[in-house]
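Following this line, the structures themselves.
Here chain A shows up in two complexes: once beside chain B, once beside chain C.
The block that comes next holds the complex of A and B.
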């Protein structure tokens, strides 16, 4: 059996105004991956391809060891998929939806569903059309979580949720990982959520994977250095420096491969390193996307 | 077992470091005595709602520093060794002093001026007690 929950290899898909270009990514079992990208980056297209909803033009897609789209029915028994454009039936109750899903999936866990109703503060007898946006999102999540799928694929699961609801949802997602055979792929604009719960992070922009690796490496490698360059402004050229902005005698240098050795490189050139700052995932994301766009323009 | 650890996203320190320092603190205070079992990586990740990889990193470094011991399949526990808490406090002091020196440099203070400030703080404490 494969230990990769998701493996995309060289996946391409061309639309009239957008192209997903040789996208590759891997998610190991038991891990959470955050898919981060600006609007129109290709996050939802990637998710639709791996769910078998649209065919790729080229490349290899495997989910839970099954080839997609040919074996998608098999794979989907063990996948829970929620996207923010899904709608439940407005004139049916939440309870009706729960019975419906339970009748299709033998893995439905009645006790867990009851627990989730309480934790999410949802009323089973309520009609879907009476649910708030946050309640609707939580209802969608409940319907997949109670199946205990091996893989959760969540397109923007926390968008539009208030802070309390977001907290409840993230707690439930973490709970999934008590079982280390289960994995989560989620896309989000909220880099704070991604930074907190992801093991792996994939940045995508304009149909390309900008970078995909484990979160700790991301956070460890990217730093901002405050450097006094003096009046002669003689900063040495360093390949790992992705951005320099100078104001007066001070320069702010952003690097994607920080090592203490970097201090010596600058100091040999007569500059003084005053401060080394860590960056948040959001700052890394923006710097990464901007520098990758500059490279692609060249 | 509830660890009582907390994570702040407003804290400029990375999350793995927050976890590491809080565990070190509990060990230094003796709240977590030698031999005490500590939560598994996955348990703590779920409790704190942070990724497994973050907790793993904190545990690996604590292990390397000899604060905890991990036995495969058995989980982790606080390492034996009586001088541990003293050693940890020593290290904490070291870190604070290094930070003070760094800030003093930025402010352009000489070593003598920094030392004078330290003595002054000491004197004020004594006065308050009296």
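The block that comes next holds the complex of A and C.
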């Protein structure tokens, strides 16, 4: 059995005004990957390709060991997919949807579904068109989680949720994460949500994977240094420095590969490192994307 | 499991369209009953009957295919263990079944009405050709709705197929072998009628086959 829950290799897809360009990423079984990117970065396109909904122009896609799109029906038996723009049938009740999904998936867990109904405070007899956005998202998650799929693919599931609903959804996902055999691909532009639940993070921008690493490596490697310099020219060229902004004799240096050795490099050049700041995932994301865009424009 | 999923998706569509199916049958049967009450009523009921079948066909495709895609319910269906081709198969089967159930019932009831009442049996040939023509138009609209995500294309097909009903009447009127027998006490089936029926069936077969050929390629349903 493949140890990769998801393996995309050199996947390309061209639309009129957007191109997903030779995208490769891997998610090991049992891992949780946060796919982070700005609006229009290609997150949903990537996810729809791996779900077999959109055929790729080139590249190889394998999900749970199945080739996509040719074996998508087999793969989707073990995939639970929720997207922020996915909708249930408005004129049917949640109970009808539960019975419909249960009739398709033998793995449907009635007890867990009942637990989720209570936890999410959902009424099974309610028509879907009467559900709020938060309730609708929770209903979608219920329908997916009660099947106990091996792979969860969640495309911006917390978008548009109020803070309480977001907390409930994330708390449930954290519970799901107790199962070591379950893999999750979680796309969002909300880095707080991603930071909270992900083991691995992939930044994507304008159809390219900018960087893909485990979360701790991102948080450990990226630093912002406050440095006092005479002129900007005093700063040596260091490959790991991705951004420098100056204000008078103060420079803010962002590095993607921080080591204490960096202090000595700057000090040898006559600069004084005043402060080293850890960066939030959001700050790392923005710096990473901006640096990647500059590189691609050169 | 796949057959089971296709079956469930078909049953899902039939369940969601149940009120539409019941309404079409009810209005169609009512039209046929009213047609028995007099010559004027026969003409008015004929228009009602025709409108019911045409409107039902349009509503079925709009709710069953176009609206499902527009409301993003299609994403939910495509997340089920189905390939795009299997989805197409389920959708064609479901929407066709939802249309054929009232269509078959109403066509059979109409033929029975002509044969069992003083209304001339000569109407049967025309009625069967017209009913099949409406079924053909339904298949064309369904095919275009499955092939494209463009609402303009679907709307244009609906308009064109509705206009073609008038052309169908003109065609029948120009064929003495069919129109000349309308008032006859016995039904007559001519070579022209066979050719028209054959052409209708051929167009239906082509219309329902094309989405599957396109679906095997790089076609995207969403």
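Operating definition for what follows: the second predicted complex is superposed on the first by the 295 of 298 C-alpha atoms of A that agree within 3 Å, B and C clash if a C-alpha of one lies under 4 Å from a C-alpha of the other, contacts with A are read in each partner's own complex, and residues count from 1 in each chain.
In this section, a residue touches a chain if its C-beta (ideal position, glycine included) is under 8 Å from a C-beta of that chain, and two chains touch if they have at least 3 such contacts.
Fair warning: this is a prediction, and the values are worked out from it, not measured in the lab.
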Which of chain B and chain C A:171 touches, first, second, both or neither: first
Contacts of A:46 with chain B and chain C, given as first, second, both or neither: neither
First (chain B), second (chain C), both or neither touched by A:158: neither
First, second, both or neither for A:183, with chain B first and chain C second: neither
Partner chain in contact with A:256 - chain B first, chain C second, else both or neither: neither
Contacts of A:196 with chain B and chain C, given as first, second, both or neither: first
Which partner, chain B or chain C, touches more chain A residues: C
Partner chain in contact with A:91 - chain B first, chain C second, else both or neither: second
Residue ranges of chain B touching chain A (in the complex, touch as defined): 7, 9, 12, 14-16, 42, 45-46, 49-54, 57, 106
Residues of chain A that touch chain C when the two form their complex: 48, 51-55, 57, 69, 72-74, 76-77, 79-81, 83, 85-92, 96, 100, 103-104, 140
In the complex, chain A residues that touch chain B: 30-32, 170-171, 174-175, 177-178, 180, 192, 195-199, 214-216, 219, 274-275, 278
Chain A-facing residues of chain C, complex: 1-2, 4-5, 8, 12, 15-16, 71-73, 75-76, 78-84, 86, 218, 220-222
